[in-house]
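Next up, some structures in structure tokens.
The following pair of complexes shares a single chain, subunit A, combined with subunit B in the former and subunit C in the latter.
Right, the complex of A and B next:
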């Protein structure tokens, strides 16, 4: 028999479904710290269901048409926040312009999650083990943040402040992310270690290289799952730049990438284990990137 | 708490109701539409038992609030077989390949696989395993399920 009053899991909340970005910003300003944005819901709804968190007001961005879509111009791809991860995964022209997105997105959860989860939500949520924040950091993406007073742009390097914590104020909305397109002889690689396909990574690396003849002209490397934010591995980038990318160079870059890190310990791996794995993954991601670049 | 009107086309049939905003699509389908084929395992996104097709793509109905589904088209496990009862090729293959034992996970698997095969009509083993990774089965050991996906892919391609 069905229960007379069927159970619901989350605590009650007021639901708002604005159709315009300025309306959404207005609602957030009005309800200040009592309101939370609902995007794809693939991280927020589990937290509400488990009652790890609750908010008196949810502002659903799902009906804001102006927050969906992709624009390519001036050497970058601008993805509006509510564009789903699946939409980007299936967009071959985005994949050609920013190959790291095409390589990283299939590693996010499962296809059912990516059908709802958004690009903006993933970056705004700022889970330290997430793929897209690391891609944004490695590529120096610019993040557009909209509040009642207008839109400002934050560099990815200044955006991630800690676990689930960003440079956005409580009443600001991540409205779009622009990923620069690399030109020249380039290649990209993504490597992660997870217990099963679709699980959050224990450790992961995204990397890009540009070649000048046979030597590395520029490198971009970011690690995830290794700290409370994604980490840019500047010393590893410096270590590999100017080399021919031989095995020993890549190994040195891997060591340089983890030298200063003190990764978390949890049931999936100790800090020392993550460091070891991180170094190996840097070398593998660079190998993948170099092979792609050399194929032309 | 305020209640919100929702109107969703479920398995081709218009369904209307009012819901509290915190009610999930899964609970709405089960409690308000009496469509209990959609199962709830974990209720926080990890098991896949609650998978339905919403506006053409597979989603976890425990991670969608019913209010968010207002205006959409939803297909549940009850909507896959033909009106005369002829099973969907994926249902048929699960039966023939012993892709189920207790059956609790089965609606989620079948809806997921039906949607997966629309997008990957000719998947290799790696693709199938990735496609199945979002659904958990505690009984079968997955081998029968893997076989069923292969059989269904063949049937659907030759259809």
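Right, the complex of A and C next:
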């Protein structure tokens, strides 16, 4: 039964539903800072409903057919922005090519949220405590952004600038993300501590390793929930590379990962707690990754 | 038809609810209805120096804007005559605000959107005053929220006499029972419309139409029969909607001014800050006993956080204290309580209403005592439980317990969990590890507890009438909000009439259809309203047999009701060809234009409150590096007297456990130092969901109560009573080797981690 009195919560806005990416870019250019892109709506709609933010124009990408789908070529998986998290979660070939996506996506909200939430939307929203930006950062993903002048590619390392802030201009749309596929003897791990299943992480870590025999040839580690952006733990990667990945090596990597960090304090966790847990989770994510790599 | 009592009859309500056929306030069809939106205080304590509503009044779609200056009603009638009169809550704040979320301005608009937009145009000026957010700050009276009262103290109680320090062993502690938000799926909501005859119809999402009607009648100075109060389907309450809130009480006033129906359905965040909170106690105790584990004496002092205006909260501190004897044979107890005003959401009832707080207190005390005498906590409980031959038992606080086999429940729980086996596993891990089981510390918690149900005084109404088609209509005074009254009452009627469930209809929650009724709360419904329905049905059957006797030309004493067929015949002649009278025959013959021919009604009270009990054992693993707690086993044994329907009973156990685990590990309402809520949404308030719950291993035992003919006790609150202490007990058991002595609720990962760090430092 329909509600007799629909609870209208957001401030008024004009709704646009273009069917082509260039139309969407044109609309954004027209309305400048008065417009916001609506992707899966899993972050934006609650913020609008709570009136934490408001925009006179919403540009819904839901009908842009060209923004959905996955392509695998040239050693990477290119996911178009409006592909839902659930679609990736269920796509075994993506899971095989980029295992970190398969491991991280189930930690995003609940399945109802992943059915609506999109890969591009999550990365463009750039919440520092969410999983996909960290995966993009750890894997050196390439992020395609489209404006009315065309499309450019931004490296994940240059993309995240602050809480909900990215290198995209106001009139640009995140159109696709390419995740490199790792070859060789590799393994991946994701560890997260949250109050409840599906909550934003108090602290989280994604990690990948490639082995050369018994020693670590390459490591990629990113933390989330620990700063105003996801953080690449280069010093931890360096600390563990070349080692056998013994417990002491991993603990050292954990310490190195958080040494320079000053995580935020909020109602879900203090800075000191995040830092301590972050170090523990780095070691555990690496353990997971190493075990997977050693299993072959 | 076999007896339905005690069988798992599926809920008859659910198809309607699950297919969207329920009627809640938000989907009531009210032609021409206007929306009410409140502008509430954004400061916790302050003087209102200006309210500018002019721009809002001019906004599109706005019909009316009302402030305290417009009102000729209020304040809200006090719940307890012992509360200081000056602390009564005005319906809209006039000069002073006392908590964030207190209603100041009402906007009546054509649409919800217009109301939300207009609310942003209201300008309220405040002169902020220091906010008093904690009991510690309130009890000093340095800042007084009601200058006329001259104090923040609302209520003080005391009684008993005990000297636990003179025992061989005594232990003291101070513990916190944190503030919680009740969070029913449907929040507060109401709608009002005035008839041309001057009669008010008000729909309320509440726990009972009649008690809510009484508050409206008192507020508006109207006779109760001039108000039709309807409680339609209600999406939960957990005690929080026992009485109408200020915002709801104003709706008839707004409807009268507008000359149109009005409806108010607040958002989740608004509801969470305004609905009423619960718990919020600081508890001190000293327990004393012998070295052999015999507990003898306890002294308790409970301070309660009343919130900004005294509602039920102050009485819950008193209730917690007098219930804190638990299931144990204390020889002496002394108790005192005090409740204080703070600049926070007023506190009300929440699933258990004093008994969860009592259980948390005494269970912590027993664990500390067990540790002090060096005995297993299960064994100390066993030695001190009231024994089956000691009922009725009167506690040292003067509370009477009706019946119980406490040790049997404890033994069952220990057997089901394999207590010895789990303790051995714990010992094995501790031997292997370095005291913390190698980062995964295993803990076992044991709790034995009692509840006190049907404690809300007063009888309950039940009526049954035979309709012309031979079906039976049940009118019940107790109004459900999720419990399953329809299923339960139909079972009771079917068991007495031989009618199938679908020939029985239950109506509730409408003061024009049910002459009187009480509140659904404190787990009283089966005992009182169920007993009333059963008793009325028994009377109906007697009357039906008399009528059947006339038709069959026999003596009523010789008439037999064939339960399998649901029809009457003369004793000794049940054959197919023998003369019979069906319920339809009786209906046809007795129902006239003037009304039902066969109708029986009764008001059932019973011999007093009943005391259900339970024994829970939880097994947890604590991640000592992060503080995260995983519940690996949750074994529960509950007694609620005769079980009417195990499916409904288990539903109550599971729901209560979810909220009990919520209090134990997840939920806490928090304010900042200025009294701003920090947890007014489900992102920040860690309301539990099924994804965070373990599988429960739940069992029922039955010790019928002597206080009502069917032997019922209530079961709806057991999980919130036994759940929190058993988890606290388990986590502290896990961390005992590390030297952790106490962690207050909720035992969040960070709190657990902090406690471990502190223990390692010292």
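Heads up, the rule we're going with is that the second predicted complex is superposed on the first by the 289 of 296 C-alpha atoms of A that agree within 3 Å, B and C clash if a C-alpha of one lies under 4 Å from a C-alpha of the other, contacts with A are read in each partner's own complex, and residues count from 1 in each chain.
Here is the rule we use: a residue touches a chain if its C-beta (ideal position, glycine included) is under 8 Å from a C-beta of that chain, and two chains touch if they have at least 3 such contacts.
Model, not experiment: these values are computed from the prediction.
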Touching partner for A:62 - first (subunit B), second (subunit C), both, neither: first
Partner chain in contact with A:267 - subunit B first, subunit C second, else both or neither: second
Which of subunit B and subunit C A:133 touches, first, second, both or neither: neither
First, second, both or neither for A:50, with subunit B first and subunit C second: both
First (subunit B), second (subunit C), both or neither touched by A:254: neither
Which of subunit B and subunit C A:277 touches, first, second, both or neither: second
First (subunit B), second (subunit C), both or neither touched by A:198: both
Partner chain(s) touched by A:11 [first = subunit B, second = subunit C, both, neither]: both
Touching partner for A:115 - first (subunit B), second (subunit C), both, neither: first
Shared subunit A surface residues [contacts with subunit B and with subunit C]: 2, 6, 8-9, 11-12, 46, 49-50, 110, 196-198
Interface residues, subunit A side, partner subunit C - complex: 1-9, 11-12, 46, 49-51, 110, 193, 195-200, 202, 267-270, 273, 276-277, 280-281
Touching residues (chain side subunit A, partner subunit B) in the complex: 2, 6, 8-15, 17, 38, 41-42, 45-46, 48-50, 58, 60, 62, 86, 106, 109-113, 115-116, 196-198
Of all residues in subunit C, those that touch subunit A in their complex: 20-21, 26-30, 33, 35, 111-113, 116-117, 120, 263, 265, 267, 269, 625-626, 628, 666, 670, 678-679, 681, 683-684, 686, 688-689, 691-692, 748-750, 753-754
Footprint of subunit A on subunit B - complex, ascending: 1-2, 4, 20-24, 27, 30-31, 34, 43-45, 48, 51, 57-60, 62-65, 67-68, 112, 116, 129-131, 133-134
